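A, B and C label the chains in the order they appear, each numbered from 1.
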Amino acid sequence: MWKWLHPYAKAERAYQLCNTLLPYFAVITVVCLAVGWIWGLAYAPADYQQKDSYRIIFIHVPSAILSMGAYSSMAIAAIIALVWQIRNAELAVISIAPVGAAMTAIALITGAAWGKPMWGAWWVWDARLTSELILLFLYFGVLSLYHAFEDKKSAGRAACILAVVGVINLPIIHFSVEWWNTLHQGATITKFDTSAIDPSMLWPLLINIAAFAGFVGVVTLIRLKNEILQCEKHRPWVRELIGRGE
Amino acid sequence: MRITNLLEIKSVTCTKQERCLFESLSFSLEAGQIMQIEGPNGAGKTSLLRIIAGFARPDEGEIFFDKKSIRQYYDEFAAQLLFIGHKTGVNGQLSAYENVCHWLCVHGCKVDKQAYDLLADLGLVGLEDVPVRTLSAGQQRRVALVRLWLNNARLWILDEPFTALDKKGVALLQAQFKKHLEQGGAILLTTHQDLTTHFDELKTLVLEYQF
Amino acid sequence: MAQHSYWQLFSSVYSKDVTLAFRQRSEIVNPLLFFLIVITLFPLAIGPEPALLARMAPGIIWVAALLSTMLGLDKIFRDDFNDGSLEQLIASPYPLSLSVLAKVSAHWTTTGLPMVIMAPVFALLMNLEAQALGATVLTLLIGTPLLSFIGAIGAALTVGLQKGGILMSLLVLPLYIPVLIFATSAIDTSSMALAYGGQLAILGAMLAIACVCAPIAISSALKVSVS
């Protein structure tokens, strides 16, 4: 795998890889988003209990899943950056972080909006919501640490270390919050049972998850391309690229 | 004449804040040689020393000590390295003697009574036990420079060692340089003054300010 | 490099930091006073009702402990960074994580340990039941070193920055959450006269992990900050 990966440590190759992957992700995003939202929001049957308000899961659940997924991919990139000292992996960490933070914010906002009709309150200290909130803090930590450094090389490495520390802590935080929640009872309302979800709702949900994943991929790749160009702007290949663009 | 390169710098590049300080810089230093790095302020002298000492990473290139990459064998390199930078690593709250002892422990050298005599030799008689922050700048610098007499490192990297020192101090220091070179060590230093003592094996490297 | 020189390094770094703290006694006293003042604020804010205070005591004591640990954290590497000692530690032939372990231990001795010793007094101020006193002291004894370890990661990451203090709290406080949850729950459980060994065991496990992993993270963070 090393032999296969190693060429991409070079900025130019990584940039080309981004260019090759981008159209695929873009197609997945556009197609799945169109199908998933129209199906989910218009055609899927209404829930017999929650009526139409349940339809927010077609946004809430994918963004919640992707918020975690983005964090783990960020941490994997961070580990690669620290172990093999690959600058592009650092750039990938920085490209993913704001996208993941946005996903987390979407999950929190839609969660609150869903909570109002269901639980009668905008915010409930539900275990999953609390974990999500802490995840948002972790994202903010990585981002603000990166932007606090003037020297972007040190900034990238510092952000990578923090991302790895965060990913080691994330399961501990998650389980402690879950345990704390069951201990304090009160707001343990089960949202819905995933296994019991009807296939007519499950399919649009899965398509939406794929769409969100594609979307995260697209935005990350665009950001990564930008970061690589920023970082390599004095190199001949970038100058050539800019020259061709004009 | 031995041809063993103690230190080898291979095409090292460093950029800071979008400005290229030096590009593909290569040179080597043999045992018994002293190299003076010259250049205007902001030319990257300190950055170069910090890269060679292993604190900062070069953008490109590699540094070898005894034919071993310092990044891979940093602990071995560190055992042979004495670095005194702008910030000397002397704590102002502690006394001169405590500072020296702490440094010796950190670097795995033996602590002995010799330190007192050395502090006296360097003109710090009676000041061994007062907090270093109450001493003058030159005296504080001397506290840091005591290390030159107490180490068994082969490579010395000194960033502006003569700052704040009086003439006597400078002469004392250069005599110690000479002794170190005779014992087969190597020295890399930056200074704005010229060395007053004559060294047989003096090399100079001039860094230009680049825009 | 014999084994005793590892010990020599550890004790030298440790005793330097402890000596410095004792020469500047405010470093030890101020976090403790801060701890006391934060605890005093709560009854004034929520009312002096004994039952209410006893119910909230574990949380208040632990939040106060978190905040006062944060207070001293910025200092842990700051002076060494400013005077260049940190570079000397990195350029030492010994592993940096060992010096880091010594520094974190010294930080705990000068900020965590006094809090553990004073905890029974603060617990009494908050009307905590006598049976919960033991749990308070024990959770602080296991929990405060954990706070020092996790906090030192944040301190090491931000030591090179001009205004690292607030940023450090932002980085570190989310990571403190598990400690807070298990420690307060142990005190809660003990005040109901139930066994709280489980929570202590989890805290202990987290401390063991932190002992091993945190020095590695801290030393790589320090290397980034110095460069």
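Convention: a contact is a pair of C-beta atoms (placed from the backbone, for glycine too) under 8 Å apart; a residue touches a chain by one contact, two chains touch by 3 or more.
Being a predicted model, the structure only gives us computed values, none of them experimental.
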Check every other chain and keep only those touching both subunit A and subunit B; list them. C
What is the identifier of the chain with the smallest separation between its Cα mean and the overall Cα mean? C
Considering only mean CA positions as chain centres, point out the chain farthest from subunit B. A
Where the CA atoms of subunit A average out and where those of subunit B average out, how many Å apart are those spots? 47
Approximately how many whole Å separate the CA-defined centres of subunit B and subunit C? 36
Quick check: how many Å separate the C-alpha centres of subunit A and subunit C? 32
Considering subunit C alone, which of its residues make contact with at least two other chains? 227
Residues of subunit B touching at least two other chains: 57
Would you mind writing out the residues of subunit B in touch with subunit C in their complex? 50, 53-57, 75-76, 78-79, 81, 83, 85-94, 98, 101-103, 105-108
If we count contacts the way the header does, which residues on subunit C are in touch with subunit A in the complex? 153, 157-158, 160-161, 164, 167, 170-171, 173-175, 177-178, 181-182, 185, 206, 213, 217, 220-221, 224-225, 227
Subunit A-facing residues of subunit B, complex: 16-18, 20, 57
Enumerate the contact residues on subunit A facing subunit B in the complex. 150-151, 153, 234
Subunit C contacts subunit B in the complex at 1, 5, 8-9, 11-13, 16, 19-20, 23-24, 79-80, 82-85, 87-95, 99, 223, 226-227
